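Each of the next two complexes has chain A plus one other chain: chain B in the first, chain C in the second.
Moving on, here comes the complex of A and B:
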């Protein structure tokens, strides 16, 4: 029994690894440039991180089920276009409408994946291409300006004067997903599906519904991320969110969620999204030359994954 | 000099001591049996011998010389090899490729396969065991038993590496084989003895005594003794394994319920699917119906079809008189049907999830209050089943993959019982890989469930098991029900009677 007691702290430590990696990164950036830890740059990080956190949180569910959603960024771009187009007519209703449409598009991809038995990688790769093209057509291949952004302006305010509303909203999204998973059987269902789909199915788990649900939430999150982007940029664009795809995937894996499914959490992805954003925003601030920035970025991501992935939970690392 | 010797081997895992100072000596050219309960440490010991497990203490000596085995390659260089279950072959490669895989040697020159050399190398290995398998046959076109022969041939490659008689380790090779295939395997093992040393593990004690020269018994990670196989009886071995005398009535026949004629619990009429045709039978409440048949008889698929896991093309299924549709496993669960699959590791359990989560996976309502998981309710429920089935686990939150095979199986069985709403239980090889004691406990549990009116369909691990447990037996042959044999306590047919119908 003594070994059991000795193992416990080490196991608990791997659970906190994403936070430790985050703290280490903040410390490193502060040492590199003591001015980094100012209110201004922290607010900048929080605001930049918000859409990424939301995107990563939604896609994490799909990854936990053992799939991947490559369409999130393209779907978010399309959603910015929809929002910009609909705001003049729908006003305050435009936001829920966009999120609902994005959720529906996500669900359709989920249904295609489940019913036609096509790998999620392929379905969402196709989805990404189609959604990008639709965005181009709908927007007339150009930026759609938002003249009156009052319905989404709330996201650009500051809670208590310091905390960006968008970041607070992102936190709430993560918390809601995490709490729902924690207090319902969904967590068991999702991780059983991700670890071993056939075992989950033979235990009567609603595997198909769980997967479609995950894609649906992932789509809704892409819609919400789009609202955040529009509120910041006063416009929608057919490629506006496209460059968020790889950072979102990086955020998920840096958080330590296993890309093979089953093991992980949205909290981990929150920490991962902050690490990725800190690197993006922080490296230029502390004066790393842009040529080295990419090298450092890549290296730190790999090191972070090496630290955060709990290999005792993941038997095969692909 | 001993071919292999182990002294004081210790291996700790979090919460368990798998090996607690094992001593073992293996003489050259003998077939050594290893017996012990589930979790006694047999697999851990064997894995230590092929470098898959690093012991915490103790030494391993090969032909008198102390060695440190860090990997499978290390062990192979010392002439020790393990035959894994058939999954370790790459299915879309030829037998020859699989045999030389990882030790290609002269079969590859400048990175390019030399097929003639490879074929010859593979043929040499196959010749050693006198197997007629075509080395150029694709592995997935071979039968179960043939694939195992390929595994053995693959392991025999180590002979060329170490220039010594090889030690071949077989961990539960018979658990997935049919009785005929087992005969072939045993013939091979006897042949191997001419030039190699064999270590053999099985939970079927009669088998162990049949094929081995000597049997060592492990209990709780310690060696507790050995017997010469000649003249020994399974009972004696079992007594050493558990340290006390086991019960006589293995199948708990005295607890068999008398089935009263009433409306059948399950009624199947004209059920057809890809591999079975026009299947009709009834199962009464409290009745245990065994289905026997060889590989390819379609009995596994019938079982899966009854659980909604295999599509059907015609026929109807009634539960307590009401016609039901089974488009999905979920529908079957809701109808009060439970299924224990044969492949426990890949289909039965979710290894990384805890005992509690695995136990409640199918019947979430049993641990929930409304839509929410109630941690207290779950703890009480799971703990009570852990006690009731005496599941040996460090705790309810331990990942199920850390448990020994028998305890894993008890958790999977409990999964269907926690809600108390089960009406029909489909058991596909429920005792595969379980030791005698646990098997007996599973039988007792089946009897208890039958007494409460649960209907059971049993695909037995052996004919003896089917005969011992069932009230009635269906013999399946080529996708059809060939005949139905009543099987009441006191008037059991012999397995031989059934074999005649099976082929």
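Moving on, here comes the complex of A and C:
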């Protein structure tokens, strides 16, 4: 962390919360089911987590800027449809094409947010509705089957025989984002934008560009997550990724990235995404019906946001 | 680094208010005229009845969300709350899953459950300081989870003739649900106009600091507004159940967003302090006329959500254009 502000004990604890939660979950699941710590189930967890990690990592940048991107899941769904439709004609080029289109859609939302001065959650809420509608129309409201999935098959392979390629890709994405943020001034620009936008503006930070860039990366990550989903399900669907929105938002806030902006990192979201995935996988192991999954997501979103909120900043909460 | 917080003073242009208030009704008439000219089917009496009947549930849900928007907060919990309440009412009135037959009491319990969900969102907002869009997003997930638990894999079909009849039987040409919606709009308008709750909701959106400094305890009113909104969603869930004849987890799918669209199009600002129930009622008709008209002229119904999304972004953008130079920080 770049700031040298002395942290209160409570804050220090919330800083390690995602790791503690992760360790506690793994321990609890191992006790509940000794078979959990086997290679097979861990690989399954890693493969389930991969799209979620990528989605959460991209959206984390937007949250760090102080905004939120509610359109990621709908964008990922639309991207699965595009990918499934384009694979027969474009082949290997379909993957970069889909990611580029998703990035462009993200950037358009960013531009709308910055230029029209509409709150980001409204832009992306509207975007979510528009993207879902486009996905329904383009796909004819049905599943688009992928007959020849060889161009995206590499994501289903295993690195060194053990590590699923999709999970490795997700890790690389997180690492690349983290390294780029660290070695360039971007990290401080994003933090400045998130902590205090007006101060950042006065200090000469290109706030508008930073925000548009964040939305652009968020869109690109949604596109990549869509590629992962298609490689696993051999099809694209207009609502395929829609149920990933809540887990992704939960992953970000459980990781400890403050919804008020500024404080947090993509590594935290990685930990958060693993926690969320373990919860999802773990509930049936402990014998809890999967309907409780939704309730749990709702509860942890509210609690995690409350714990990580930057209280010095919000005098009035709307 | 000091942690001093500088809050920009809230300034709002009051000019053009009359123009803005007249805009939505004029737009409604213009859009209605355009579709009437384009499609003979659209201007038939049957279709107009259809539009009004189809607007009933949305009108009730929008009544609830309008109070929240007037405060400057937002509520994304309608879908979850409606799902939970739909399942509750379908399991409490006569149905094929159990021997219950509580009738009106079942409806009351469902509305109260909605009220409780709303109160929980409100408490998360004022006690935990969780921003309302996050608190209600979480509450929506909780509602859907509760609904799924009650659904338990077997669809409860209702056999209660009274509840089923609400959607089918007509009075003066309109279904009973439409009359219920009309009563809700009237009730909402009276609450907004003549009760402390309504007046304070308006004032919280306009200038919360001033209200708090004047010695008004703002927090209970915020919770009460969310609870009131939840009660409207609960009733909305009951109405959907009556239309479908069964309790479904997805009963409220899309209503949260449609209601925000309707309220915003009607002239209720997301920043709060402007608009109200009459505005929202016009907004509901506007959205329904638009979606019905587009289908009548041959646009795929799948576009409905997309059209709503465009309208929301455009309406919010139009509302902030007068102040965009001043309003530098937008999250």
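The definition used in the following text is that the second predicted complex is superposed on the first by the 271 of 318 C-alpha atoms of A that agree within 3 Å, B and C clash if a C-alpha of one lies under 4 Å from a C-alpha of the other, contacts with A are read in each partner's own complex, and residues count from 1 in each chain.
Throughout what follows, a residue touches a chain if its C-beta (ideal position, glycine included) is under 8 Å from a C-beta of that chain, and two chains touch if they have at least 3 such contacts.
Predicted model only: the values in this text are computed from it and were never measured.
Looking at A:150 after the superposition, I want to know if it touches chain B, chain C, both of them or none. Which is it: first, second, both, neither?
neither
For A:243, select first, second, both or neither according to whether it touches chain B, chain C, the two together, or no partner.
The answer is neither, since A:243 touches no partner chain.
If you stack the two complexes on chain A, which partner ends up touching A:38: first (chain B), second (chain C), both, or neither?
Neither partner.
Regarding the shared-chain residue A:261, is it in contact with chain B (first), chain C (second), both, or neither?
second
Using the touch definition from the top, say if A:127 reaches chain B (first), chain C (second), both or neither.
In the superposed model, A:127 contacts chain C only, not chain B.
If we overlay the two complexes on their shared chain A, which of chain B and chain C does A:192 touch? Say first, second, both or neither.
After superposition on chain A, A:192 lies in contact with chain B alone.
First (chain B), second (chain C), both or neither: which does A:201 touch?
Both partners, chain B and chain C.
Of chain B and chain C, which one contacts the greater number of residues in chain A?
After superposing on chain A, more of chain A is contacted by C.
Could you give the residue numbers on chain A that contact chain B in one complex and chain C in the other?
In chain A, positions 3, 198, 201, 313-315 sit in both the chain B and chain C interfaces.
Which of the residues in chain A come into contact with chain B in the complex?
Within the complex, chain A touches chain B at residues 1, 3-4, 7, 183-185, 188, 191-192, 195-196, 198-206, 208, 262-263, 313-315.
In their shared complex, at which residues does chain B touch chain A?
By the definition above, chain B touches chain A via 12-15, 307, 309, 328-330, 332-334, 339, 341, 346-353, 357, 360-362, 364, 367-368, 371-373, 394, 415.
Quick check on the complex: what are the chain A residues that touch chain C?
3, 5, 66-68, 112-113, 116-123, 125-130, 132-134, 136-137, 141, 197-198, 201, 246, 249, 253, 259, 261, 289, 291-299, 301-303, 305-306, 309, 311-318
Under the touch definition given earlier, write down the residues of chain C that touch chain A in their complex.
Its residues touching chain A are 1, 3, 5-8, 71-74, 76, 80, 124-126, 128-135, 137-146, 148-149, 151, 208-209, 257, 260, 270, 272, 300, 302-310, 312-313, 316-317, 320-321, 324, 327-331.
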